[in-house]
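In the two complexes that follow, chain A is the common piece, with chain B as its partner first and chain C second.
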Partner chain A sequence: MANPSGTGSELPAVSEGNLHLVTSPHVHFGWSTARIMWLVTAALLPCLAVAVYHFGPGVLAPVAGAIVGAVGTEWVLNRASRRPDTVGDGSAFLTGLLLGMIVPPGFSPVHAALGGVVAIGLGKAVFGGLGHNTFNPALVGRAFLQASFPAGMTDWSTAVARVDAVSRATPLGLLKFGDPSQFPADLATERLLAGNIGGCIGETSAAAILLGGVILVATRIASWHIIVSMLAGGALFGGLFHLAGVGPSPLFHLLSGGFLFGAVFMATDYVSSPLTHRGQWIFGLGIALLTIMIRLFGGLPEGVMYAILLANAAVPLINRATRPTIYGAKR
Partner chain B sequence: MSKQMTINAEFAKGLWEHNPVLRQLLGMCPTLAVTTSAINGVGMGLATTFVLTCASLMISLLRKLIPGQVRIASFIVVIATFVTIVDLTMKAQFPEMSKSLGAFIPLIVVNCIILGRAEAFASKNNPGRAIIDALGMGLGFTASLTTLGGIREVLGNGTLFGVQVMPHQYVPWIVMILPAGAFLTLGLMLGIYNKFNHRHEEAALRAARLAAAAKGV
Partner chain C sequence: MPLRSFRGGVHPPEHKELTEHKALELMPVPAEIFVPMGQHLGKPASPLVKKGDYVRQGQVLAAAAGFISAPVHSPVSGKVVKLVKGPVVGGTTADMLVVQPGEPDPLPADKVAEGAAPPTSAPLLLPPLDLNTVTGPEIIERVREAGIVGQGGAAFPTAVKLSPPADKPIDWMIINGAECEPYLTRDYRLMLERPDDIVEGILLIGRTLGENVNLGIGIENNKPEAIRVMREAIVKRQAAIRVFELKTKYPQGGEKMLIDAAVGRKVPPGALPMEVGCVIQNVGTALAIRDAVILGEVPRTAVLTVSGLGVKEPKNLQVTIGTPLRDVIAFCGGATADARRVVVGGPMMGFAAYSLDAPVVKATSGILVLSERELKEPPETTCLNCGKCAEACPVNLLPSRLARLAELQRWEAARDLGIEVCMECGTCAFTCPARKPLVQYLRLGKKNVRNLPRKER
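Moving on to the complex of A and B:
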């Protein structure tokens, strides 16, 4: 399958008369970075559609802001460092979209754009661009926004609400700081699935995220090991604490906050997740444990972002610990 | 003439070429911790400059009396004397700044820049050169801290030296006055500093090559 053109790969090919040289891999799946990035973008569309339905078209403003910030930064930094333009591969667009999905519905588009600048500039470009970053760029951008604008990042009330219920605290916020008995309907499983609750733009509807997850796993873009291990870990650790009388049911843990969105779209980032399946299991279980610990014993109502960033930092170590033995080598 | 030149160079190297923060990466603890505002940077920088200059002078004067085996301990005693002077003076004259700099004034005792200059320069040079070197290093430290503090203050608080410089609609980026902002700003400053120096060095290299080629012809 030595097809130098049309496979979408950027492999160098040399042609000289009848001599035709192509570097390996010769059997290529034919998928380019751009194709993967746009497919993930497509998998995010259900979440965006549900957000527009529940919170109104106003949610498109912060999403667009984040995308403009991310893509603009990618373009400017490529220019400034005289590198080939990588805007076309869609990775910056996807980072911006992911960042836009994890800010509150009424978040300022200007601040979202700043988050996009930080995500690409400090999360990716300083390490050398796509494939060289230790941390998930969208989460780096969100961590910056969370530390910069703590009020804006926890203000769930400014959403243009179609349903009254969406303009109040998130279910996790209710559990941590409020009186859950006041709004028992907000904690119901149907609501968590449908997404008519308070929360970040893309994270509220578990059903829409699961649909995106099915697309990613069916097209083999995302590693199911990470998704399943993170969900299993959430059920296991959440369940253990629940049995011990601490915290809500494991199902609530999995469906509320950013747990599903993080498992499907954030933890599965190729660059910042482990290489081996064994490593991916450790990674997913680690994120789940950290998330549950932060939720139940930390000062914040939600901990998925910090859990994934911390696990990202441990990835080189996980990769080293789970390196497969070469066949025939002594253990 | 040439002696004048070396004195100038001795002074200038601390400001840019061997800048204690940007090139030597010494004194990172006060650099990162106290630079939440430009005025804190100035205060910390000047306090350090005073201690550095006085300590360098004393150590240079005593350099032939201090036995090599106990020199570090002797340096510390000299430095601690001047730090005590600075600490008590600031408490009396600038109580507010003394409070905001907190433990970092007494900690000047173990500031690597001062010990480094004492060990590497003052104990090997005459008092005149030691003072010039200390002043250059101290002012380079002050300039770096003020710049770092200024950037963090403008972005994290909307003010510079306490004066509102950003429009009122501006929402401060709180992260900039948190420790994370110190690391981010310092990292970016180091990147720009290195980029600038590389470009400068490349230009110098090209000029030298051109000159050599011209001579060859």
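Moving on to the complex of A and C:
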């Protein structure tokens, strides 16, 4: 009948003074915000590597500029508002990297840094920081650059010089403004896949983007619903117009410009995309439709950026309309 | 055929290997036990004994206080030292009797001369009933008398659960052998070690629910041994009990998820399983019922798993009710140097103990000593809106949204989004990369929604 523990007090590590008191659950999947951000960063490396291969190490300058602008702004704003430092969560770095990947290869690093400042300052911080922004911050930065430096944002000469392209423009530029006789060489699917075409740093090689997409989906970071719905939408809407005699083949739509990059890396941004799978399908299809409409009927050769930003604005509405039915409840 | 399951859920590391091969072991009675009056959901029992009284094992210490309540019996023979307010699991204190196990004082010489019977410490049992002839009402009465409570976690008085209103006919009684909480292997060991008794328990429960009730037991497929052993026991007995092999996924053992997986019915929000003609009982409850009916036993011990990387010798134990957590951990070799948290129950839904003086009660299913190695905790960030919580929520809520509403104290909005349906299974917080304490917010929200004036309709 004796106390089996002897004295009963030999539990140095779990004495009352230092017992952890928290609510359940007491175990965790193991992920953190920082881990997700750095994994997405890693998934972007194939795109960056292909860009360096095709366009030379010079492309690293605008990428670095955008990152410095974004991370620096995050740090300064945290300091100024006396908030805890959030640079370590990797989200500002990722925003900078994403922005750097969607400017032309010869873009000014200083301008890219300005884009990074706007991406974090206007795209994220004014909304209340990570998790509170309505729009994809990197795309906000790019929209600013497109408006402020239109010449730089459409200057593909660096790219064209390096890849020895026949063209003087991007495939989509050719489609919009170019000489149809130059189409065959530049529109070849192999070139779109490999990336030896004119285009933004990270957007040229469809193969590298797809590799990044496989990484994101395999690690269950990105929702495949957004990627697949956007690609399916591109094929569907592009295909319908193509059948009606308007515009290029649906495959061209998917592989050219920023479509793939947008589907894999931009539309999948957690903060600015819908919560539920149903909402994500609506979101992806909507972006695809807007993109095709802008490409075929708008004043710009490319429409992915504005399509995603417009869809971002619709996310609260989509979330409201696709709220899941509570388990066991009647619809 | 695809394995039976439900939508959503998560796959936490199981860690069952720490204890699954360890047979149940009887822990000796400690020097003092602390028997709370409220070991069940509902009103605490009212004490019938006072300080200085000698009580026998199995003697009623406190009577049920109303319909949703349960009596408490003495786990040991010994002397009532005092009635105190002591710490219990869940962060509060409660009335409890402190009993010092021991032999009764011998009779004074004059009483012996008068021929009075000498006092004894032998257990006081209820009269055993015959398995073949006992009737449903007799079984329910015995369950009530023995103070049996659900072993699945909520400790709801079992007799109440076995008495559904007449307008809710029951056609399925399913035993919950899912044991989906990581670490816990208590139900697994019970199924391996006492399969025949479990079958008898199932048959007895079935008898309380009428002629037309179908019987089943649901077991996750990470326990193939238990599935095999239970099937054999059922065949041996020629009992009409169906074994449902369930996909291993948390929270497969939630009542709603188990019913969905086994018979494909969905319990509506706010309703009990009887709404869809089902009653769920835990493996341990079935055994307690069987022992109460056939042996006349009352709950004097709790069967539980002691595990976690923070305890030196993880075990499956049969522990005297009222034993302080401290003694149980010490019996398992004590805690390691990096032990940081003691959890009573499973790691997904269990409570962190604030005092190791809190006692083991009827429904205690596990004591986990978690170490720093298991509690990797990077800092919380703001919600990323990633939707992983919504994807995992087994009852289709939007946990991140509800947590935000609770944070903003918008209780009406939280109610309208169904916060009361939340069963606090912890799936959302388990999966949240931002490490938001979602369950904490949901609990806060539920508590405040309950306090709202009733919605006018």
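Operating definition for what follows: the second predicted complex is superposed on the first by the 296 of 331 C-alpha atoms of A that agree within 3 Å, B and C clash if a C-alpha of one lies under 4 Å from a C-alpha of the other, contacts with A are read in each partner's own complex, and residues count from 1 in each chain.
Here, a residue touches a chain if its C-beta (ideal position, glycine included) is under 8 Å from a C-beta of that chain, and two chains touch if they have at least 3 such contacts.
From a predicted model like this one, the values you see are computed outputs, not experimental measurements.
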Residue contacts on chain A - larger count, chain B or chain C: C
Residue ranges of chain A touching chain C (in the complex, touch as defined): 1-6, 8-16, 18-36, 86, 89, 129-132, 223, 270-277, 323-330
Complex contact set, residues of chain A against chain B: 108, 111, 114, 122, 126, 144, 147-150, 152
Footprint of chain A on chain B - complex, ascending: 171, 173-176, 178, 180, 184, 187, 191
In the complex with chain A, residue positions of chain C that touch it: 10, 12-13, 27-32, 91, 101-102, 182, 256, 266-269, 271, 310, 324, 326-327, 329-331, 334-343, 345, 347-356, 368-370, 374-379, 381-387, 390-391, 394-398, 400-401, 417-418, 421, 424, 426-427, 429-431, 433-435, 437, 439-440, 443
